[in-house]
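Letters A, B and C name the chains as they come in the text, with residue numbers starting at 1 for each one.
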Amino acid sequence: MIRESYLNALTVLVLLAVPLWAVVADEPFTITLMTRAAIFAIAAIGLNIALGIGGLVSLGHAVFFGIGGYAMGILAHHAQTYTAVFEWPLLIEGTKSMPVIWLVAVVLSSLAALVIGILSLRTTGVYFIMITLAFGQMFFFFAISWAEYGGEDGLSIYVRNGFPGLNTLVPIEFYGLCLGVLLLVLVFAWRLSKSPFGLALNAARQAPVRVETVGLDPVRLKLVAFVISGAITGLAGAMFADLNRFVSPTMFSWQTSGEIMIFIILGGVGRLFGPVVGALVFVALEHWLGGLSDYWHIYLGLLLLLIVLFGRGGLIGMVSGRRAVHD
Amino acid sequence: MSLILLIEQVLNGLQFGIMLFLMAAGLTLIFGVMGLINLAHGSLYMIGAFCAAAVAGATGSFLLALIASLAGAAIAGALVELVVIRRLYDKDHLDQVLATFALILIFSEGTRWVFGSFPLFLDVPDFLSGPITLPGGIEYPLYRLTLIVVGLLVALGLYLLISRTRLGVQIRAGENDREMIAALGIDIAKLYTIVFALGAALAGLAGALVGAIQSVQVGMGEPVLILAFVVIVIGGIGSIKGALIGAILVGLTDTLGGIFLPEVMKLFFDPSTATSIGSSLASMAIYVLMAAVLILRPSGLFGARA
Amino acid sequence: MTEAVLETQGISKSFGALRASRNISLDLKPGEIHAIIGPNGAGKSTLIAQICGTLKPDAGTVKLLGRDVTHDPARVRAQAGLGRTFQISSLAMEDTVLQNAILGALGASGRPWRFFSDAVRDRDLRAAAEEALNRVGLEDQARSRTAELSHGQRRQLEVAVALTLKPKALVMDEPMAGMGSEGSKRLTGFLDNLRQEAPILLVEHDMDAVFALADRISVLVYGEVIATGTVDEIRSDKAVREAYLGEDA
């Protein structure tokens, strides 16, 4: 058995070493895969705040991933066609600047999470799952019918957006940027889980009545967690769109919501590095199994089933032999 | 916009709603009795459609195809219950979601592997094709009308099953009090398998019936599954009556919204903008309906109060 | 006459045909322990739920420190100074004992919206939590996971969490249940001293504890208070003996 902290250190080592090796060995595709994993990890860390700490089983996080993606797609599309996003009531133009796009993505996905959260948190349990899934589908169909931005076909962006001081077209530089964001988000999630808010949220998941009796509002705690969670997943969506230079309604699909959840489960629910390990393993499986068989989802499904039925605690839990999550 | 068109669209909405009911009834029954949220219910719908298409292709008989859909989905349902689902009753909702999500992956890819990625087609049988003239001179496809009738008959059958039969007594006992079933000397494991297979058969039937007016393909089940969830949220979990009324509401809202919202928008915008805005809004109409129900009655129209 | 800290005036609650609370009026004065006893199914839990705000009465009012809180949720009553312990422990089982106590202190501070600082290392929160744990004698278990505590220790932790709120009144639902005689004796001594700090509305089955502690006792039968009085008055009350103490007396 390996201690969880060693496993976490190993994960960071993989995040650093594999891309560096890929640069030396001239394997740019490996860098792209690692970038993909890093961005998925960010999305899943977002969901893990709502799911792992707050106990909110959201099957609609694709909404935020998609909003982030479309924020990037729409702003960059207008910038590359030299048109304005809005001319009235005030002029808003497109942009190719990543920081600006990220800000817009975070703000819009927070707002969406606020509205969806207020509605969905009126209920709990299975209702919550079904409602978040339904809202996801609503955005999916809306994106499909939004002909102005490509409808079903989505939008292509020809040149990756820029970040001050970096050449984002060089794979390793863009990866470095994504890794930087991932590490920042990890630190944030770690601080949050230890913070007064995190402690209260954690208790709200386990014993909402208790939280209420000490004078705190469990629903409001969960709502704030849901908004933070949505904002982080939205940021990941904008980055994912930039990685592919393409957005489409698929980002809003229920499969996307399911995949973000799978990252967490593969790694381990409520564990800081669970989403990171899960995303790395998912991308590796997707690459290797996907190369072996067109039907690799069968194997993914079987693996997932085995983990749920027999290996609660995810891969980190299995390797470290520690089932309990919080301390 | 004539009255005839309106009636036609109402019938379309009704037909869509009734098919959603077949899905939602199984889901809500399974949740009510076993406390299980089953995302793989859409896969059973797909399995029903594929069984029907395969049998219709081989024998040319639509009735045999329907029987195959019921049997195929029920068998698949019973097998899944025995192998996987029964291990999930004691687990939390997250595990149920993940395991049944895993089942979707397995079923979808498995079906793609066996039947390929191209859609299959299931034809409406000759004796049900063509229009029928309704009172008032409205021409309406006979097959769609048949769907409405069949769906309502199934609803009636379910009602009788639950209110009049021994199995129904057991199901109601299961919904109210798990201890009581054991006390009544009922074999719970068997009851659960039967309820799950029954829900699966209903989903399979819906898949086959709808498969004849749409194409039969991998992934056909999940959009319907999610709509069935909307139905359940609106109707209230565990309530068959809620499922029926919720399904019809959703069916009508979706169909009528798709027709009328663009028309309404034409009052405010030029035709092409109106069509685009109207259809965007129409795609969201049922979710707005769901949100409204959530605000007014968080546990659904007929749900037990939380 | 001293002003009551906690008071119910004519509260009633029905569930369908079952009238769980019938026109219940009782109060809790500063410095006293007011025990509520009654047979199972008498409606004690329903009464507590209405006092603490998890159930809304059909009629009547609940007053805390002279203020009408009938329509306030449990959270607001807690903020106003109403502490509560549960019959069935309601604690964050995966968390440590200290974290549970800190949750109470955090609720009392009213400042949960801090996302970066470390809750367990926060000086004020920790001091308040440790003080409460010390008082109930759980200081040595502070780092243990709550799930690993014994039944009696969970009860102690329930009390500690309530104490972190610096409550003005306490409602305790069967704090002695499932405790060994040694534990009950210690808790009895502790509550005895606590009454000056916060008066206690005590629902309890353990008659030894009730008779040892209570300044006043109210007897609840079929949702109705049939008698209120001192220990001696209740012991000699005829209606009570018939309705409740019958088999013992």
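Some notes on this structure:
As a working rule, a residue touches a chain if its C-beta (ideal position, glycine included) is under 8 Å from a C-beta of that chain, and two chains touch if they have at least 3 such contacts.
The structure presented is a predicted model; accordingly, all values stated were derived computationally and were not measured.
The most central chain, judged by C-alpha centres against the centre of all protein C-alpha atoms, is A. In this assembly, the chain whose C-alpha centre lies farthest from chain B is C. Per-chain Cα centroids separate chain B from chain C by 49 Å.
The geometric centre of chain A is 31 Å away from that of chain B, both derived from CA atoms. Chain A and chain C have centres, each the mean of its CA atoms, that are 44 Å apart.
Contacts from chain A toward chain C in the complex involve residues 191-192, 194-200, 202-203, 206-207, 209-217, 221, 224, 324-327.
Here chain B touches chain A in the complex through residues 31, 37, 84, 87, 91, 93-95, 97-99, 101-106, 108-110, 112-113, 222-223, 226-227, 229-230, 232-233, 237, 276, 279-280, 283-284, 287, 290-291, 294-295, 298-300, 306, going by the rule given at the top. Contact residues on chain A toward chain B in their complex (touch as defined above): 51, 57, 59, 119-120, 122-127, 129-131, 133-135, 137-138, 141-142, 144-148, 254, 258, 261-262, 265, 269, 295-298, 300-302, 304-305, 308-309, 312. Interface residues of chain C, counted against chain A in their complex, comprise 52, 54, 73-76, 78-79, 83-84, 86, 90-96, 99-100, 102-104, 106-108, 110-120, 122, 125, 145, 161, 164-165.
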